[in-house]
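Right after this note come the structures.
In the two complexes that follow, chain A is the common piece, with chain B as its partner first and chain C second.
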Partner chain A sequence: MKEAARALVMGGGVSGLKAAMDLARAGCSVFLAEKQAVPAGLLLGLDRQFPSNHCGLCRVLPPDPSGRTWQACMRRGFGHPGIEFFPGFEVQDIQGSPGNMSATLIRQTLMVDSDKCNACMQCVEVCPVHMPDLFSTGQIPVKAISRAAPHRPPHHLAISLEACTLCGRCRDACREGAIDLDAAREEKVLDNLDFAVLASGVEYCLPEVYNLYQSAAHADVITTLDFEALLSSAGTDIMRPSDGRPVRRAAWVQCAGSRSLKLEADHCSGICCMISLKQASLAREKDIQCSIFYMDMRTSGRDWQKYLDRAREKGVELIRCRPHSIEQVPEEQILRIPHAPSPGNQQDRDFDLVVLSVGRDPAWKPPEYAGREGVFTSPGSRRVLDIARSIIAASATAATALGEDRQESLPDQEAKDQDQVHSRVLVVGAGPAGLSAALTLAAGNIPVVLVEQKDHLGGHGLSNISPEQRKEVQDLAARAMEHKLVQVYPSAAVISCTGPAGGFKSRIRDSSGDEKEILHGAAVLATGGRAAPVARQEDRTADIFEYSRRIFAAGNSGEAPESVIFILCHNTRQEPANYCSRVCCSLALKSCLQTLSLRPEAEVTVFYRDIMVQGDDEELYTRARSEGVRFIPYSPDAPPSLEAKDGKIRVKGSDPYLSEESEYEAEQLVLAPGVVPAAGSEMARIFNVHSSAEGFLCEADAKYRPVESGRAGIFICGLARNPVPFKEAVLEGRAAAMSALGLLKQGLDSRLQTFVRVKPALCSLCGLCLEACPFKARYAHEETGAMAVDPLACRGCGACVAVCPNKASAWSEQLEENVHELN
Partner chain B sequence: MNTGISRPEEAGTDNSRHKELDVLALVCNWCTYTAADLAGVTRLHYPAQVRLIRFMCTGMIDMRYILSCFLDGADGVFIGGCHPGDCHYLTGNLKARVRIKGIRPVLESVGIPPQRLRLEWIGASEGKKLQEDLTSFARVIEQLGPSDYKGMNLV
Partner chain C sequence: MNSTEVLSHTDLSGPGGGGNPAQICLGCGTCASACPMTGIEGFDPRRIVRLGQLGRFEELGESSLAWLCTMCGRCQEGCPMDVRITDMIREARDLGGEKTVPQAIGKGIEMFMETGNNLGLPDEDFGFIVEDVAEELTEEPGFEDFVLPVDKEDARLLFTLHNKLVNTQNEDLKHWWKILHAAGESWTLPGSRWEGVNWGFFSGQDQVLKAGVDTIVGNMERLRSRGLMYPE
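Up next is the complex of A and B:
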C-alpha cells in the first residue's frame, strides 16, 4: 500500500478548510497555509449568510467522538489531527513535479508569543503604522500589530507584515519579550509534496483604486464588506462612518467594479446581488429605508428568487438603473444619487449611506504557480463563489487531486466486513453528475453500482450543444462502462432502500422486472432533471433546448430563421416554479449569437426579466448586445402576449425604453420554460430524504453541507438537487463522491467510536430517542428490536441522552468524562 | 480551550452586592459560549455570581439538570442557546424551548418562581447581548433574593 499522500492546501478560508478536511479524511497528510493568523478568511467577519440569514461555519466540521478535531466555533481556533496548520504563512512558490514538489512558504503574519504575552497592549500603543482591519477596506483602521480576530483572546496578537515596517518599537516596548521580529523573515520549505490545492480565493475590488463614484472623497460611500462590519451583531446600531449619526436611508449600488467595459471588467461577480439583498433585508430589521440600484437582479440559485421576494416583502426597494455618480450635498451632509429609473424621468434621491456592491478585482489574477502540473486550482480561486458553491468546488478539487494521485488508500475487503460497513456505493443516475461521482469513487478504489433508467449512459450531457462537453460525457460514459470497479445497470430503477448508513440494503428492478438486492455503504442520488413542459398552442414554437440543439446541430452550415423572438423565464421564476433554472440565459445568448453567425441579417429579439449570466459568461451578453440583438425587459405581471398569424408569430409587449406597447413579428418563437427535477419526490420517498415543493432533493444544510442529504450516507448532486449548468453538475458529482468516500473511510476506521451508546438492560424500548434524534441516527435493530445507534449518522448532540427516562441512553465512556468536565 | 468557569474580577462595585447569590448559566458550545468568549476578550463585565457551564447543545440539557441545579442551591438558572435555525444540531435549541416551557409549572409547584429560569438565544457574535441578558437576569434574581432551597443540599 502506498504511503499517505502529502498534500498542501493554500488558503484557510471556507474552501481551503473544506478541501483540507476532505483530504485529511481520505487519509492524506495535509499542510494548510493561511496568510492570516486565524482560519475562516472572509467568514470571520460575516455574521449572517443568505439565504437563511444564519451563521453556521461550524457545520463544516466533521463530527469526531474522539475529540481530536476542533469542536467549537472556528472563529476561536482550529485543530484537526490530520492537518498541520501554518497560520501566518503564504505560499510564495511551488517547484518540482507531482510526487516530488516543494513549496516555499513565507511569513505574512507574525504571531506574538501567546504564552509570554500578558495583553498589556503597550505594543499596540507604540505602533506607528495604521492599516485597514481584516474585515473592512479601511473604515475601521487598526495598527499593524493588533488582535488577530475579535473572537480571539487578547494575548493572541499578530503583526501584519504587509503593513509592518519592522521599526522594532513594539519589541522594545514589550517587557515580556514576546515579540520576535527576527522571525518575520522566516521561511518554511515543504518537500516531497504529492500535490497542492489552491483555494485562496480572489481579491475584492477596492473602489478607491479604480476611483469608483469618487468613493475616496466621500466617507459615507463604503463597500459591502465594510457594511458587513457595521451590520455585525457585535456592534450596535448602524452609524455613518463620517459623523457617527444613525443611518436612516441607505442605498446599495450594484456592479461596482463588475460588468464594466471601461474597467475591462466584463464579468459578473455572481454573488453581490444576494449580498446586497441580505444586507438590505437585515438593515430593514433596524428600520432603515433601503434601496438597491441594480441592472439585473441575479438571483441564480434554487432558493434565491424566493429570498428576493421576501426582501421585497420586508420593504427593500429595488430601482432598476445604474447611477452615473454620487454627489455630496455639502450643507446637508447627505449623499445624492441622480438617476433615471425610466426614460426621461430624471430623479434625485438622498441617502445617509451608500454601499458599493463590490465583486472580484478586475485586475486580479491567480498566482503564477496556479497553472503548474500538480497544482489543482479550486474554481473558487478563479471567480467569486457563494459559500455552498465554494464548498462544492473545494471538495471537487480535492477529489480531482486525489483521483489523479492515489492508487490505494482504503483497507481491503476483509477489514470492511468485520466492521459491518459495506464499502460499495450506489449511484443513481448516469448523467454528467452521476458519471463523475461514479468515476471519482472508482478512482478511490470504491466499488460502484451505477443504476440508470435509460438504456445508455450520459443523460442530458449527450445533447449538450458544446462538442467538447459532449465529448467529455461520452468519455466519462465509456470509462464507466470499462472500469472494473463500476457495475452498470442500464434500464433499471431503485425501488427501495432500507437500513442505516454503512449498511444500506437496496432493491433494483430492471426492465424485465427482475429484482436484485444490493448491499452498500452509501448512495449518491444524481437523478437529474428535464426541461419543463411548454404549452404549444402555436406552430413555429420551440423550447430553448430544442432550438439550440437544432441551430447548433449542423455546425456552421446550418440554417437559421430570418427572425426569431426569445421569451425567457416563461412561466418560471414565479409560483409555483419560483426559481431560476440557470441554464436558459446563457443558452439563449449562445443561440442568439449562433443565429446571427448563420444569418447575419436575422432579426433577433429577446424578452427577458433579468439576464442571469455569471462569471465570464457576461461576455456573451456584451457580444449579443453589440451584435444587434434587441433586449426588451418585461415584468411577470405583464408578460408579452402571443398570437399566431399568417404563419408568423406576433408578440406584443411593452418596451419600457420606448414607454409604449410594441408589436414584434417573427418566424420562430423560442420559449425558455426552465428545468424541473426528473424524479425528485419519488427519489425522496424511496430514500427517505426531504424534497422541496418543486421536487428538488434538499440538503442537510444549504450552505455548509450542500451535497449531503438529511439522512446520513445519502448524498445528492446535480440537477436533482438544484438547477445547475453542466460544469457545476460535474463538480457536484465529484463533491458528493468525495463526501461519500470520506464517510466510508470514517466508517472503516477500526477505531470507530460513537458519541452515545445504549445500555440494553436499562432500555424500556419506549422509542423517545427515535423521535428526539435530529439526524435519524437511532433505529430499532431489525432482529432484536433493541435500540441501536448508527455511528456514521450520529453527530453527538445528546438529545437522546436528555430524553431517555431510564438513563439507558448514555454518553460513550470516553466522552462521559470530558463532556461535562469544566476544562 | 478556555475555562468553563468564568469568574470575572470583582472590580465592579456593582458586583459585590449580590455575592452570595448563585446564578448558573448553562450555555451551548457553538453559539453562546463563543459569545461569552467574545464578551471576555472585549472586556465586557458581567455579574460575578454567574457561573458558565458549557454544554455541547442546549438540546442535551435534561430537565433533571435544571431541577438539580435548583435543589443544589442555585438561585437562578440561565440557559443560552443558538438562535432558532442556527443550531449546530438542527433543532436542539427548539427542544430546549419546549422542555423549559414544560418545566416551569413543575418549578412553580415546588415553590420555585418560574422567573428564576430564563432562556435566551445568543449568537456567536453577540457578546454584548450576553452581557446585557446576564446582567438583567442577575438583577431579577437579586430582587427575588436567595432561593428557598438554598443551603438544603438536597442533591
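Up next is the complex of A and C:
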C-alpha cells in the first residue's frame, strides 16, 4: 500500500475546513492554505445563521481522538493533528500532474509573533494605512496592522499585505521585536502533492463597483455582509453608519448585482433571500421596522418556506417590487424608496438604513488553475452556496478527489472487520444518491451492502430528462453491479436496525419474504422521493414529471400541444406541504422551452408564485421569457381555478399587470405538486432517526452536519432528506459516504482512545447515563447488561459523567488532562 | 449625418414570432418605481409592457394609457432586462393612428410639416421677433456690441429654438444669448426652419420625427455648423 496521499486544500472557510478534515480523517496528509490570519472565511463575520439564528461553526468538527480540536471555537484558531495549516497564505500557482504536483504559496497576511507581543498597540498607533474592515462596516477604524480577528486575544495581531506598504514604522515601534517584515515576501512551495481541492469560495459583489443605487454616495446604503457586522457581537449595535443614530426603519433590496442583463449578471446567488429574511427577523427583535423589496422570494428547500412564514409573523414586511433608486432626503436625514408594489400604485417609503442584498460578483471567475487536472473544484467555488450546501459540496469534492486518487494507486482490497466494529456500510436505496454513496465507499475500500426496493438500480435517475444524467446513472448502476465490494440486494427492504454505531444489526427482507441479517458499522439512507399525488386527474392534466418525460422522450422529433398551461406550486408551499420542492421550476422552464422548440407557435402560460431557479439556472427563466412564455404570478389566497370543457382545459386567473380576470384555454394542463419522500416516516421509524412532519429524514444539524442523522453512524442524503435536483443528490450521496468513511476509519483507529470510560466496580446499573446521552452513545451490553460506551457515537460532551451518581462514568485519562487545561 | 441613423425601431412581431423585446420583461417593477406617471389615471409601465408582450399594441395605442407617458425614458434606462419601453410606447402611439394623437400635438405637427415650425410662424415674423429681442439686449450694459448672428456660415454652434421662446417667453432668449456672448462663442441662429422641438418623437410618427431631424441637419449642412445647441 502506498503512503498516505498528500492533499492541498485551498481556502480555510467552512468549505475548506470541511474538505481538509474529511481528507485527514480518510488518512491523507493535508495542507490547508488560507489567506487570512484565521480560519472560517466569511463566517468570521457571520455570527448568527438561520434557521437557529445562532453560530454553530464548531459543530463541523469531528470528535477528534486526540482531544485537540473538540469543542474549540474555530474563529479563535484551528489545530488538527492531520492538517498542516498555513494561515496567511494564498496559492498563487499549481504545476505538475496528479501524484506529482507542486503548489506555490505566497503570503497575504503577516502574523505578529504572539509569543513576543504584549499588546501595547504601539504598532497600530503608528501605522499610516487605513483600510476597510471586514467586521464593522468601516465603523471601527482599522489599520493595515490590526487584531487578527475580533475573537482573538489582543496580542494576536496581523498585517494585511494587500494594504501594507512595508514602511517599517510598526516594526520600529515594537519594543519586543515581534514584527518580522522580511517574512512578508515569504513563499512556500509544497511538492509531491497527489491532488488539490479548491474551496476558496467566490467573491461577493461590491455595489460601488457597479454603481448600484448610488451606494457610494449614501453612507447608509450598505450590503448584507456589512449588516452582518452590525448584528454581530464582534461589531457594533445597529446604528446608522452616517451619524450613529439608532436604526428604526430598515429596508433590504434583493438581487443587487444579479438578475440583470444590464450588468451581465443573469444569475441568482441563491442564498441572499434567506440572508435578508434572517437579518430582518433578527432586526425585528430589536424593534426595527423591516421591509424586504424582492421579485421572487427564493425560499427553496425543505425548511425555508416555514422560516419565511415565521419572519412574516415577526412582522417582516415583504414588498414585491424592485426599486429603481434610493433617494436621499437631506433635510430629514432619511433614505426614500419610491416603489410600486402593485400596478398603478406608487408609494414612497422612508428608511434610516438600506441594505443591498448582494451575491456573487458578476465579473468573478475561479482562478486559472481551477480547471487543471488534479485540482478538484468544490461547487462552492463556482457559485454561492449556503453553509450546508458548501459543506456537502466540500465533502463530495474531497470524496471525488480521494476516489480518483485511490483508483489509480490502491489495489482493491477487502477490509476485514476488526473487533466489534464492522467496516461494512449498509446503503438503502439505489437512486443517484445511494449509488453515489455506495461507489464512494467502495472506492475507499469499504464493503457496501446496497439494498434497493425495486428489481433494478437507478431510481428516478433513469427517467431524468437529460440524456447525460440518465447515462451517468446507468453508469453508476453498472459500476455498482460489477464492483467487488458492493453487494447488491434488489427487490429487498430493510425491516429493522438495532445496535450502536460500528455494530449495527439490520434485517433485510426480499420479495419472497426471506430474511437476512446484516452486520454493518454505518448506514446511508437514500430512499429517495416521488411526485406528490395530484388530486385532479383529468385526461388533459399531467404532473410536471410526466409531462417533461413525455415531451423530452422523442428528443427533437416529439410532438407538443398547441397550448399548454403550467400551474406551479400546486397545493404545495402551503400547509400541510409547506416547502419548496426545488426541482419543479427548472423542470417546468425546460419543458416550456422544449414545447416551444417542438412547436414554435405553441402558446405557453405559466402561473407561478415565485420562480425558484438558482445559480445559472436563472438563464432558463430569462430564455423562457424571451421566447414568449407568458408568466402570470398568483397568490396562494387566489389560485387560478380550473375546469375541463369540450376537450379543453380552462383556467381562470387574474393577470395582475392588466388588473383583469381572464380565462385561458389550453389543450394541456401541467401541475407541479412538488415531491414527497418515498419512504415517508417509515425509514425514520426503522432506523430510529428524526423526520420532519412531511416525512423527510432530518439531520443532526441543518447547517454543519447536514448528512448526519441524530443517531451516530446513520447518514442521510438525497430526496429522502430534502428536495434536491439530480446533481445535488449525487453530491449528498458522496458527502454522506465520506462522513461514513471518516467515522469508520476514525473508529478503527480509536479503539484505545475514548472520551468516556465506565468503571464497572463503581457502576450500579441505574441507567441514568443511557437517558442522559444526547448522542445515543451509551448502551447496555446485550449479554452482560453492563453499561458501555460506543466510542464512535460518543462526542465527549460529558453529560453521562455529570449525571452518574457513583462516579462510574468517567473521562478517559487523557481527556481529563485536557479538561483541567481548559478549566 | 443621415437622420434615419438616429431612429430606432421596435420589432413588434407577436409571441411565438420571436424577437418581441417586451417578452423578456421580468415584471420586477423597476420601471414603475422610476416612472413619474405611475399611478396617474392608473398608469403603470408594467401594463404597457404586458400589452406589448401580448402583441396588443393597437389596443395600447388607442387607449389613453400610451399617451400618459412623458417619454422621459427613466424606465428604459433602469430596466434590468433592457426592455425598450419608451420605444415601444412610441410605436404603439404610431399604430393608434392620427386620430388618437392629442389635439395640441397633432395641430403642432400639422403646422410643422406645412411651415417648418410648430406655431406656423412666418419667417418674417420670426425675424422681427428675434431682432427686436436682440435690440433690447444691446440696451443692457456690457451688451452694447451684441449682434444677432442669423444664418452665419461656418459658426461653431447651430442654435435652434423651442417655439415657446419666440412665442410667450422671448425674454428667456436673452439669458442664453448673454451667455454665448460673454463666452465669445461662435454661433448662429437659422433664419428659417429654426424649430428645435420634435413632436414626432412624442407622437410616435417616424416620418415626422425624421422631418424634424432633417430640418436641423439641413441647417447644419447649409451653414456648415459643427455643433448643435438646443436650449430648453
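We take it that the second predicted complex is superposed on the first by the 787 of 823 C-alpha atoms of A that agree within 3 Å, B and C clash if a C-alpha of one lies under 4 Å from a C-alpha of the other, contacts with A are read in each partner's own complex, and residues count from 1 in each chain.
Just so we're on the same page, a residue touches a chain if its C-beta (ideal position, glycine included) is under 8 Å from a C-beta of that chain, and two chains touch if they have at least 3 such contacts.
Remember, predicted model here, so these are calculated numbers, not experimental data.
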Touching A:L519 in the superposition: chain B (first), chain C (second), both, neither? neither
Is A:L762 touching the first partner chain B, the second partner chain C, both, or neither of them? neither
Just checking: does A:A799 make contact with chain B only, chain C only, both, or neither of them? Give me first, second, both or neither. first
Partner chain in contact with A:V329 - chain B first, chain C second, else both or neither: neither
Using the touch definition from the top, say if A:H54 reaches chain B (first), chain C (second), both or neither. first
With both complexes overlaid on chain A, does A:L263 touch chain B (first), chain C (second), both or neither? second
Please work out whether A:L658 is in contact with chain B alone, chain C alone, both, or neither, and reply first, second, both or neither. second
Using the touch definition from the top, say if A:A478 reaches chain B (first), chain C (second), both or neither. neither
Residues on chain A engaged by chain B in the complex (per definition of touch): 47, 52, 54-56, 58-59, 71-73, 75-76, 147, 150-154, 232-234, 236, 772, 774-775, 795-799, 801-802, 819-823
For chain B, which residues count as touching chain A in their complex? 1-5, 29-31, 33-34, 37-38, 40-43, 53-57, 59-62, 83, 85-86, 88-92, 95, 99, 123-129
Hey, which residues of chain A end up touching chain C in the complex? 259-263, 295, 320-325, 337-341, 343-346, 596, 600-603, 622, 625-628, 630-631, 633, 655, 657-659
In their shared complex, at which residues does chain C touch chain A? 15-16, 18, 20, 23-35, 38-39, 42-44, 46-47, 49-51, 53-54, 74, 78-82
